[in-house]
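Just dropping this structure here.
So that you can tell them apart, the chains are marked A, B, C and D in the order they are listed, and the count of residues begins at 1 in each.
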Amino acid sequence: MTENISESAPDLSINLGRIKLKNPVITCSGTFASGIEYNQFYNISNLGAVTTKSFSLNKRLGNSPPRLCETAGGMLNAIGLANEGIYYFINEQLPVLKNLQVSIILSIFGEDNNEFLRIAKEVNSIKDDIVAVEMNLSCPNVDKGGIAFCSMPDHVESLINSVREILDIPLIAKLSPNNDNFIETAAKARNGGAEAISLVNTVIGTAIDIDNFKPKLGNIFGGLSGPAIKPIALAKVMQLARENILPIIGMGGIFYWQDAVEFMIAGASAVGIGTLNFVEVDAGEKILEGISNYLLEKNINNLGEIIGKVFKKW
Amino acid sequence: MTENISESAPDLSINLGRIKLKNPVITCSGTFASGIEYNQFYNISNLGAVTTKSFSLNKRLGNSPPRLCETAGGMLNAIGLANEGIYYFINEQLPVLKNLQVSIILSIFGEDNNEFLRIAKEVNSIKDDIVAVEMNLSCPNVDKGGIAFCSMPDHVESLINSVREILDIPLIAKLSPNNDNFIETAAKARNGGAEAISLVNTVIGTAIDIDNFKPKLGNIFGGLSGPAIKPIALAKVMQLARENILPIIGMGGIFYWQDAVEFMIAGASAVGIGTLNFVEVDAGEKILEGISNYLLEKNINNLGEIIGKVFKKW
Amino acid sequence: MVLGNLMKILNGEILLNKKYGENLYKMEIFSPYICKNALPGQFVNIKCCYEGMLDPLLRRPFGIYEIDKRFNVFTILYLIKGKGTLFLSKLKKGEILNFIGPLGNAIKIVTGAENYLLVGGGIGVAPLCLIARYLTDLQKNVYFMAGFKDELFFSWENDLIKIVRNYRIFTENGSFGEKGLPTNFIREHIDQYKKFNFICCGPREMLKALQDILQGKNIAAIALMEEMMACGIGVCMGCVIKIKEGNNAFTYKRVCSDGPAFNLMEVIFD
Amino acid sequence: MVLGNLMKILNGEILLNKKYGENLYKMEIFSPYICKNALPGQFVNIKCCYEGMLDPLLRRPFGIYEIDKRFNVFTILYLIKGKGTLFLSKLKKGEILNFIGPLGNAIKIVTGAENYLLVGGGIGVAPLCLIARYLTDLQKNVYFMAGFKDELFFSWENDLIKIVRNYRIFTENGSFGEKGLPTNFIREHIDQYKKFNFICCGPREMLKALQDILQGKNIAAIALMEEMMACGIGVCMGCVIKIKEGNNAFTYKRVCSDGPAFNLMEVIFD
């Protein structure tokens, strides 16, 4: 083999159905705001895509503090989906992001089907400026007594279906690791027209202050993220990938480039960097570099060769 | 308040239904063998109870190695329930434990109902020597295609019912955190005649070796334990305790006495020390001491005052 | 208000890590960038474990205590509270610290305000020292009042006297300075401070007491707030506190990027 | 076979933590208890983080390299592999190490066997040194063969010459000792070693090669095995390896409490 070949930059581009990204490194919703802050640390247009904080139709204040609590190898958050509302994104942030030439995955959520549909309608007007919409289905469905959308597979199918009727750009369904039936839900999401699955959202957890006997979070329960959940997330991704339903954006506890590679070998086509952004503000760039070097060293020319490779070795 | 009162040793005894223990510190199945090794580090009869490794009817070799993998704040194990079989326990270990005057919770499991019942029959002959039997319901049910027993609530009720007919000592149902329906399962376990619930068993997880593309565990998937899962376990215990179904032995990632207290405030009547035994071989004694000092400092005279206290502060 | 848009990830050599008392340490870090760009009221977010370690997972925020532009050295004053600060206390001269900064907004100096009363409780005195220095450099009249539980901060007085001439130190047990609480003293002598701008930092109870004292008195007061942080740069929405907005309404503001300085009278403690 | 029933949790002061090469360190720990009770082949399970930290979570096992009963000091020789060993390498003289030991079984010396060939690959030479010392004390005839990738273990030869007179060192790149693999040498000269008892420790490939070489030769061979460990005391069933049992059958045995020494010819490598 000539030196030339082994040193040519590997092809990092990937497809998530109709979604084409220049590389597999994506940021996780809620851990990167809309990315603008991070552009002070590195050029965020180098990322495969930036997933925004989940937007609701109108501004939401979110949960009462405390909203954070550190745990062993992880953290609990109970932000309560605080956000400035979709109009703020469209009017204030999108112009800046367009200028930066960022590939944007817009995360949205609603309290009920109606809110999802109303947001979809607003987003339709900017659909050429974003690469996909990620539907955060781990949020509580007020119509159904607050149970997470993604725990009701049939409901997910019809919801995605109706969003698609309004909004013709690729849809990503983001699922929670807290439900047994995530594989069924993923299948229904595909039936409803989703292009890809994001897995996992945070794991339900809590912590208690033993001096005052109260939960450490204002909201009592919170979502666990970070390296602590990596083995759990990786197992879920592998279980879903085995079923070959839709391409997967794997996430949950990625802190080193090696973790990202593990997710891809387990079957994820792209990876989401979440909590790590808080600790290493230039993480996106570093993880990308790590993956690229790994491919070079292993003499692998495109990511397709490692995505889901665990199943060949099983 | 006189010095006398505040310095008198707090009453650490607790009841789990008919099960009476001198204190709430129990060891978790599979992390303490039958306790004999640990008696070299401290007097294990000081523990509330020792839960043995889960025994099947006959000796089991378990999974092929590697069986262990460290993760952030935790570890994965895929031991595969390797054990010497119930006769070994009865004939070789029980005499030693009786001599040491240990309160024993005998953990058992079967591949199907029949194996559970056959073990129950054997255990009946030694029932006066143990305080309870813990049924490990997280193991796969071969009759039902390998799905965990505890994911089928109705099945759990009838299984426990039939074990009770053979074996009249308190039964504890040990549930997994991997099923949404653990509250329903706990209710069915109560209907079947269980005295208490042990929660949680390990969380499903995996890890991949990025050099050879293979899972790091011989069994592909393993069980995550240790501090990483503490927030998850605590949330499950709190969710179950809120329903007031049965007394709970709370476990999952307890590494400091403060963690044990958190579980009790969240509603556990007793606590299980698991992975910690591997790291700090005298952990049982230390955790017990920590709880005792906490009660003394807070001037709390019996554990009833803190068990489930979070619900009064909610 | 200066936005923290100069923030960077930085590595700086530790030039000194000195014990000031039982759990109290002062650390000097070499950083031309911080010395050039940081302003009083801002903080840095420090990685408190070796590379490749994940415990503690999150960075820890510390107010900037001193800036010495001559030597390109900035200083933090810190208390050992848990594992992160314990780790810091074990670092030796010559080791490299990783931190993000400068973060948060600089304190806002209203033109025309000439008299400042700085009220610090416990480790809350740390960021106030840099502010005091800045105000005295601006020829403002600065009075520093500090309250502590005991004599832990005894050696810190040597730092203070290099910054301000007018100060009063209180301890709850009387073991250092006057016995009592600064808030009690202020309550009794509030008439003397009518023309002062208050800047305070310290435990919740102290801030609450000051809010009570200043209620309806039309005295400007700024509080430097603390809250658990994940990102420190305003993206996670985790470090919020409740702030009055309009009549009986409230909103949440981020300590890291909307603060850490807030109008004390608008903070809702509940 | 001596069971590890003398095991205890111990704290010992670090008397020396010396770099022997790029990633190679030697650490001396003061411990009368280990010096009194440990036997060759046994190991200690060391906590590799400060108290209150959880990374790395599990202890790390290390074979005992030297025991000096005069000064109540035992030694480990270790390579930096990951975070646990990196932590160890940063510890300073005077700091306290927490460990459990002695663990595992001592090597079994068959009466009548007078000639020993010790074969170590890489860091596998560490436990063999204590065994060599023990055997020479028993007036046995000991030949030590060591194989390394490169010259990393260069200074270690100074330790070795204090234990055995007859030894051969190989490196793959020839930068230290002879160029080549000890297993190749042994294969070619196997007739010289027919009356020897083999004791070996090193990478899987080396042990496998030795098993091949010795197949059907009726030469006794003991291998010190390694496996990831959680408990180190035989309770978790995590550290098992596959061992032949009867015809074509196998069982699993725990490296920590059934080993670490096994009959090399019974180990199944797959």
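Everything that follows uses one rule, which is that a contact is a pair of C-beta atoms (placed from the backbone, for glycine too) under 8 Å apart; a residue touches a chain by one contact, two chains touch by 3 or more.
Computed from a predicted structure; not experimentally measured.
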| item | value |
| --- | --- |
| Other chains in touch with both chain A and chain D | B, C |
| Chain pair with the higher count of C-beta pairs in contact (B-C, B-D) | B-D |
| Distance-maximising chain from chain D - centres being C-alpha averages | C |
| Gap in Å, rounded to a whole number, between the CA centres of chain B and chain A | 35 |
| Interchain centroid distance [CA atoms averaged], chain B/chain C, Å | 46 |
| Approximate Å spacing (C-alpha centroids) for the pair chain C, chain D | 53 |
| Residues of chain D touching at least two other chains | 54-55 |
| Touching two or more other chains - residues of chain A | 72-74, 226-227, 255 |
| Contact graph of the chains (line, ring, star, complete, other) | complete |
| Contact set on chain A toward chain D in their complex | 72-73 |
| Chain A-touching residues of chain D, taken from the complex the two chains share | 54-55 |
| Contacting residues of chain A [partner chain B, same complex] | 71-74, 76, 151, 178-181, 203-208, 210, 212-215, 220-222, 224, 226-232, 234-235, 238, 253, 255, 258, 261-262, 265-266, 294, 306, 309-310, 312-314 |
| Interfacial residue positions of chain D with respect to chain B in the complex | 5, 7-9, 47, 54-59, 100, 227-242, 251-252 |
| Chain A residues touching chain C - in the complex, by the definition given at the top | 30-33, 37-38, 40-41, 53, 61-62, 64-70, 72-75, 77, 79, 82-83, 226-227, 255, 275, 277-282 |
